[in-house]
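Listed next: structures, encoded as structure tokens.
Consider the two complexes below, in which chain A is the common component and chain B and chain C are the respective partners.
Our next item is the complex of A and B:
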């Protein structure tokens, strides 16, 4: 007859006096239960190993944690890491001026009017993009010089950044403007915030005369 | 007893797994983020690879004289003069950047958004021992800084970018 692992002193006492007369409930043998601490530790170890394997296998191609888009509206301030950005609008032209030189394009020039300042320390906002309704993404053109945006904390600069896009990119009357405060590659590889706004563009209002791109200017306090 | 030993072993294994995971995921922070940015502040008088700054004075300016006439800060901004007493014993680094830090923790770069080549003011802090025949470094160098009007200076930072990071000099503003 199996014996319990931890005899109850009370049971021993009653058992020695009246086993035959008193229907004492005998303890039953039970399988040894694993301690809850062991299960917890084992579960923790399994989870950690699983996370480790996942992290170890992450590459740029299968990264499950790309950046998180922060939606903002044209005409409102948005804070993205070390930048505060304010988009004023956009216009479209067939030809732009770079100094006295005319720049032609097989598509259209999209000029985005925006302002930005820094939050903590001076930094340049280098990476902006435009995505059309087909999912095609365009970077700021390197055919036109942007000028120097020497932004600083609460020191706003305003100007136009220029994109070269096919006419079909503007067919839907709006594009998505993307603001990558740490660069596009970072935004696509690590869970960092980037800005996204729907930017209305009138494909019928295309300037046919050469357009001068607005020069970068330091704004008086309070202006955007 | 063996159950307790097993639990302890699993816990140790868990901690080791966590440490290994943390080590791997912090690779960027350890190898790039910390060493590529100014994180370790040294106080006045400390030696930063042969460069020492003993005092920093900051004063409000109404205007400065440029080649094109008098220049005033734009509306809503304040112009400052930063004076730094710097000693150097090195010739590897020619010039470093100066920043003004305010009480809100905002950092503003000297010589940014102000006129260039203003008499008596540097664009960057000169920190190389002059070569034979060159003028000695002035005992005090001055730079211009533009900030929003509400900025209250707290410290001057001397940073050398990748040449000096993660260390930089942070000198509390006097007066």
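Our next item is the complex of A and C:
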């Protein structure tokens, strides 16, 4: 019996082999469709690629947590986690006093008058910042020694916190005051609430004489 | 009957070698992989290249570190400044007087190793930066707020410090932090050196009361 195989072209040419007919697969009427598994794999690949592109484009600069800022006005109370904060206003000076020392700067001193109390437990509000119209950010200066704020729940303290800023930061007549209740790095890395207020500052009203920073004081009940 | 492991290993190696060179495309790819590095090595491509020395910046001229500019002025030697922070084995400080000005959008802290004094033992890192105007410790610098600072390095033998010192300035490059995903400045190579002269004019606010 002839071997059921496809003929070698040479064998066919010489007629040296008899070749049995092999069943030839008839073309079907409908085209062959890919298996559903292939479609699934392709879809998963496309989804993975899309996720990769999105994740790659989401960077710190895109600010993925823009909704965490809590806007509040000067003169009103705002609650930020364990703090109740009330901003009264600001003044500007060329020189400030730290005890008997005069502190000078290449820019200006911005003194922000604010008071705060705690909500649940005694805590210090350490992280405050100022951002100007150019996006430059400054935190509370370490050059001036801050008084002791012994704030507690419903125990309000008032005083001034000091920022060192260039004169150009005040040119627009206002700055953004930022209150970071759990630290600045936390506020910028995770979607937690932080305070933001537009703080009017008069760039023309700069004290030229050395200014004494207001001492921290305990406020009577109901006062801010 | 089991075959011994040595012939089995040899036959395995032979099979693997044959698999590598079985076809012409594989032979070409293998020879390129072997020959190209050999050719590069033969032409001296893997030699260690001597880098040119970093440029000299005159004292008093600004140099861009990346996030900030530094202007190195002079240095002083003293055992009258920041005496409370002096290490036990040090007689005093060498204070390199600089002006620093940040031109980034945010505050920036001077890394310890950016300004170094290689002539001093232990001069690779700044011990403290002190603002000359009010004797406060420098913690961070605000954008566009130039600050005159004394960078202090402890010295075991004050008499051994001469009248000139070389100051190395490392440039910084901004890269994305792997863990935090934020941009940070990382110190790199020495980008410039400055030869500074000794001054006897110590900033008055820095001198401790006796």
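The rule we apply is simple: the second predicted complex is superposed on the first by the 158 of 224 C-alpha atoms of A that agree within 3 Å, B and C clash if a C-alpha of one lies under 4 Å from a C-alpha of the other, contacts with A are read in each partner's own complex, and residues count from 1 in each chain.
The criterion applied here is as follows: contacts are C-beta pairs under 8 Å (C-beta built on N, C-alpha and C of every residue); 3 or more make two chains touch, one makes a residue touch a chain.
Given the structure is predicted, the values throughout are model-derived calculations rather than measurements.
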Inset, instruction - Could you say whether A:142 touches chain B, chain C, both of them, or neither, answering first, second, both or neither? - result: second
Inset, instruction - Return first, second, both or neither, reflecting whether A:154 touches chain B, chain C, both chains, or no partner chain. - result: first
Inset, instruction - Mind working out whether A:220 is in touch with chain B, chain C, both or neither, as first, second, both or neither? - result: first
Inset, instruction - Name the contact category of A:37: first (chain B only), second (chain C only), both, or neither. - result: first
Legend entry - Intersection of chain A interface sets (partners chain B, chain C): none
Inset, instruction - Using the touch definition up top, name the residues of chain A that touch chain C in the complex. - result: 59-61, 98, 101-107, 134-139, 142-143, 164-166, 168, 188-189
Legend entry - Residue ranges of chain B in contact with chain A within the complex: 3, 6-7, 10-11, 13-14, 17-18, 20-21, 24-25, 74-77, 99, 105-109, 112-113, 146-149
Inset, instruction - Note which residues of chain C are touching chain A in the complex, please. - result: 105-107, 131, 133-134, 136-137, 139-140, 142-147, 176, 180-183, 205
Legend entry - Parts of chain A lying in touch with chain B, wherever the complex brings them together: 34-35, 37-38, 41-42, 44-45, 48-49, 51-52, 55-56, 119-122, 150, 152-155, 218, 220-222
